[in-house]
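Labels for the chains are A, B, C, D and E, by order of writing; each one numbers its residues from 1.
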Amino acid sequence: MNDWFPLWLSLRVSVIATIVAGVLGVAIAYVLAKWRSRWASLVEAVVTLPIVLPPTVLGYYLLTLLGTRSSLGQSWESLFGSPLVFTQSGAVVAATVSALPFVIRAARAAISNVDARVEESARVMGLAEWRVARVVTLPLAARGIGAGIALGFARALGDFGATVMVAGNIPGQTQTLPVAVYDAVQAGDDATARTGSLVLGAIAVVVLVFVTQLFARRR
Amino acid sequence: MNDWFPLWLSLRVSVIATIVAGVLGVAIAYVLAKWRSRWASLVEAVVTLPIVLPPTVLGYYLLTLLGTRSSLGQSWESLFGSPLVFTQSGAVVAATVSALPFVIRAARAAISNVDARVEESARVMGLAEWRVARVVTLPLAARGIGAGIALGFARALGDFGATVMVAGNIPGQTQTLPVAVYDAVQAGDDATARTGSLVLGAIAVVVLVFVTQLFARRR
Amino acid sequence: ASDARGDVVVAAAADTRDAFNEIAAQLSERDGITVEFVFGSSGLLREQVLNGAPFDVYVSANVAFVDEVVQAGAGVAESQRQFAVGRLALISAEGVALPANLDSLSQFGRVVIANPAHAPYGVAAKEALQSLGDYGQLASRLILADNVADAVRIVDAGEADVGIVALSLVIGRAHVEVPATLHQPIRQSIVITTRGAGNDAARRFVEALESQEGRAVLSRYGFTVDSP
Amino acid sequence: MTSLLVDVRVAVPGFAVDAKFAADVGVTVLAGPSGSGKSLTLAAVSGTLRPMRGVIQLDDVVYCDAARDVHLRSQNRLLGMAYQHAALLDHRSPLDNVALAVRSGDTATRRTVAMETLQRVGAESLAEARTRSLSGGERQRVALARAIAGNPRVLLLDEPFSSLDLAARAELRALVKSLVAERQLIALVVTHDQADVDALADRVVRYEPGRTVSAGE
Amino acid sequence: MTSLLVDVRVAVPGFAVDAKFAADVGVTVLAGPSGSGKSLTLAAVSGTLRPMRGVIQLDDVVYCDAARDVHLRSQNRLLGMAYQHAALLDHRSPLDNVALAVRSGDTATRRTVAMETLQRVGAESLAEARTRSLSGGERQRVALARAIAGNPRVLLLDEPFSSLDLAARAELRALVKSLVAERQLIALVVTHDQADVDALADRVVRYEPGRTVSAGE
């Protein structure tokens, strides 16, 4: 590979998408875990759906939802002056949507598993609900949340189908590394495909080890 | 959709793949969680890699690894009399490989989070290691394992890229529902694509609610 | 019939979908031969053929891919043929006026073509644009679709104003043909795979393409064929 | 004078207890056999468990009124509580455990108050220990510090000295006694130790299975 | 006569204790201030913690020999243990907790033995209760049942009666005493309660910070 643009783009897109999906996903997971209702697992199943749809189909729906002809896409365009689809913002959206279900489900399981008695004792100590979440619930669920974020990151970094649909494949603009690797496989260019895969793998290993360490509970 | 074959095939393939990935993944996760070494998170990062590759590219490497020209593929053929690739077994392999990392990572986090003191007390009670795992560790990690299996199932059910490469898109033989949906989209057959997506979504919701309930800890 | 296999499995590039479906229908009616198609990207289908896919016939819009299959021993050399030449056409999104020709593209917004990195129609589209000197200036507005069928879909979704696509896929709608002189010919190649070597139906399918009726169908779908 | 009124029926699947007593400033000991509902009563006062019926009230502040479905959040009840099994936040240091319970001041002030409180219970050397490896008695000291650090109105102590040796028990008993007097606290103390009753109790509530429990002498 | 020899240095970050005593059939009480290393000693005997140096031996069965890096697995030490904080498997019923500790027989036999054991500690009515909602005293009864259910050679009891009322304490003390005699057990009992010492102790090991602990009278 003599062109490093896809690598930087992929890194930027996947990191931003992981942060967005992490914050949003943990918030949704928290609400789902605390929501004592039979509906919670139904809602959880529905938010898991993006995984089940073939990425291109997911991308197709996203495109319909966010494209230049949709009302959402038009509001975005009037707000920011440029369309959402076929831009790097579009790539971030696609990667975020792909990563979100993983964060939600892993975090929800971990949060539900936190001992309610410890949370109770923190309330009795006088900690406000948000501090109970910050001081007790989320730290005790850290490992599971970390697993979700790691999976979400891997998914965002590797996303191909949804990105290609929503962000297009514009070399030097929206062509991420997985898209470049895919192109190389199609073209029968094994060397480029191999280099690209190795680079993807290497980044992933570094980031994943880091994320795992970050969320491993100490003490 | 007037042809239900892709639906049944998808159900069969994803259920078998989920079971295989579930058993294998939980076993690997257990070993990783108990392996007190800095290498554990490196190994974990490496087994997460299949997520980072675009599914088609993953499928391409699987095809190279298991195809009729590979030694693995040839051993399989001489053992079972038919090739592994472009068969339903191939579809199961593709779905299993796609699902495995999700099971491993979520389960590993949950298993690591189990209170070591409870496991100790079970050992002192005289329970052999495998019974400690069965009676203490795995039940206490059930929710996280469930999340991993749910994600793995969703991934297996929705897999398009890897399946299409390894098993092909042979109608009536290896054409799974996501592949059929993709095909319909390509052919501009929006009605079939929409029905297919809805059916996929419906199955996923039912199975995911069931899985979540199954692994929710009682008592 | 779900589980009954067709008599012959044909793996073919996406641009042939409409024309081949019609030819297969004729073949089924006339000779009772059922053809099963697997449409996909030429590049991925080639990898599958090389790794033992149960395809009897491989059709690609890229001659080099077919050569590669033959060289690897996965295709029957004698059966290799170029049966038609594909053409490019311009289409536009709903509500967007059709461009009169390729020269006027600068007045439009995004333009979609198949990915020249691996799709033959993409290569041709790029050549056409280059021969008019437009490519460099257009590059930042180009969307590279996975294959020609995708390109058509992106135009239909309204995400590109104009598409340069396979004529064979847009024959039934408003389009403007791109002069064949602007690019290298897009030669449609066919080969019977080693697996399909003994399959009589495979041979019959190839013959059907070259038959008078077959060529009539192909040319109706915008392929250039040697005059019958 | 300040008084905590408890008049509730606390019910869980398979068990219910009726408790009716008023606790004034000073120490009210809850005594009675194992499984008679003492800890459940404290849970109701702390707001962790909603009583089936009845009222809990601190002067004119209604903690809970089941009939009107009023339940003040635990956070707003101004309690300090030491649990039967200490229930510390194992993932935070002993100092953090206590500092988190301090209800006012900035972070630095809270830590100072927490350190002072740890000193009062004789646990200053444990401030930065690994919480989950504390010994039974050490945990109880830290739990007591955490209970008093928030400067509560009501102190709920569930067998607070059970893992301590006799000397430590006497020392902490004296601490509780002086704190109650000094800060005019209402303390509910569950204990099986007659020495606690002798040294601390201003009044005793006896729990007996099947009977409404109420204040005796 | 059977005898448990303990001669080890048990060390954790920031603390170490040297213990050297032999415990014969009967009850050896470990007494001493909070944080003096009593629970750590039991952890070393049970195999949860590896001593820094020294030997633990039951007659000629070496439980551990630090110098030779020999450490018998906990599972093979034939112990029954009741933890300071009960440490039940909260996700299984009390009956399951006890049945899992029974070391021989098929499932049905185990459950029968478990039920009988629960009866002996007066907890048969708790067999199918929700374990995590047991009261403090109830947990201790179940924990004691679990400790004796496996028909162990060595019984390790860490403040086993601390949450129990006086009547229950007396009752369970008598049970331990008779079991020890009947089954010729070696029991190590940590307690702060003088009544336990008076009623049970055949010998007392005194823990004092900084000194090697050893058996006195």
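Some points to look at:
The rule is simple: a contact is a pair of C-beta atoms (placed from the backbone, for glycine too) under 8 Å apart; a residue touches a chain by one contact, two chains touch by 3 or more.
Keep in mind the model is a prediction, meaning the values are calculated, not measured.
Contact with both chain B and chain E is made by no chain of the assembly. Shared contact partners of chain B and chain D, listed by label: A, E. Of the two chain pairs shown, B-C and A-D, the one joined by more C-beta contacts is B-C.
In this structure chain A contacts its sequence twin chain B using mostly the same residue numbers, the overlap exceeding half. Separating the centre of chain A from that of chain D, both taken as means of CA atoms, is a distance of 45 Å.
Averaged C-alpha coordinates give centres for chain C and chain D that are 79 Å from one another. Separating the CA-averaged centres of chain A and chain B is a span of 19 Å. Once the centre of each chain is set as its mean CA position, chain A and chain C turn out to be 36 Å apart. Looking at chain B, residues 56, 60, 185, 217 sit in touch with two or more other chains. Residue positions of chain D with contacts to 2 or more other chains are 130.
Shared interface positions of chain C, i.e. residues touching 2 or more other chains, are given as 44, 47.
Judged by the touch criterion defined above, the protein chains form a pattern that is neither an open path, a ring nor a star, and not fully connected either. Chain pairs that touch one another, listed by label: A-B, A-C, A-D, B-C, B-E, D-E. Those residues of chain A lying in contact with chain D across their complex are 117-118, 120-129, 131, 135-136, 139-140, 217, 219.
The part of chain A that touches chain C in the complex is made up of residues 60, 63-64, 67-69, 85-86, 164, 168-173, 175, 183-188. The part of chain C that touches chain B in the complex is made up of residues 1-5, 9, 14, 17, 36, 38-40, 44, 47-48, 50-54, 149-150, 152-153, 156. The touching residues of chain E, when paired with chain D in their complex, are 12-14, 32-35, 38-39, 84-85, 129-130, 133, 135-138, 141, 158-159, 162-169, 192, 194. The residues of chain E lying in touch with chain B in their complex are 46-48, 73-75, 77-79, 81, 83, 87, 89-93, 100-101, 103, 130-132, 146, 150.
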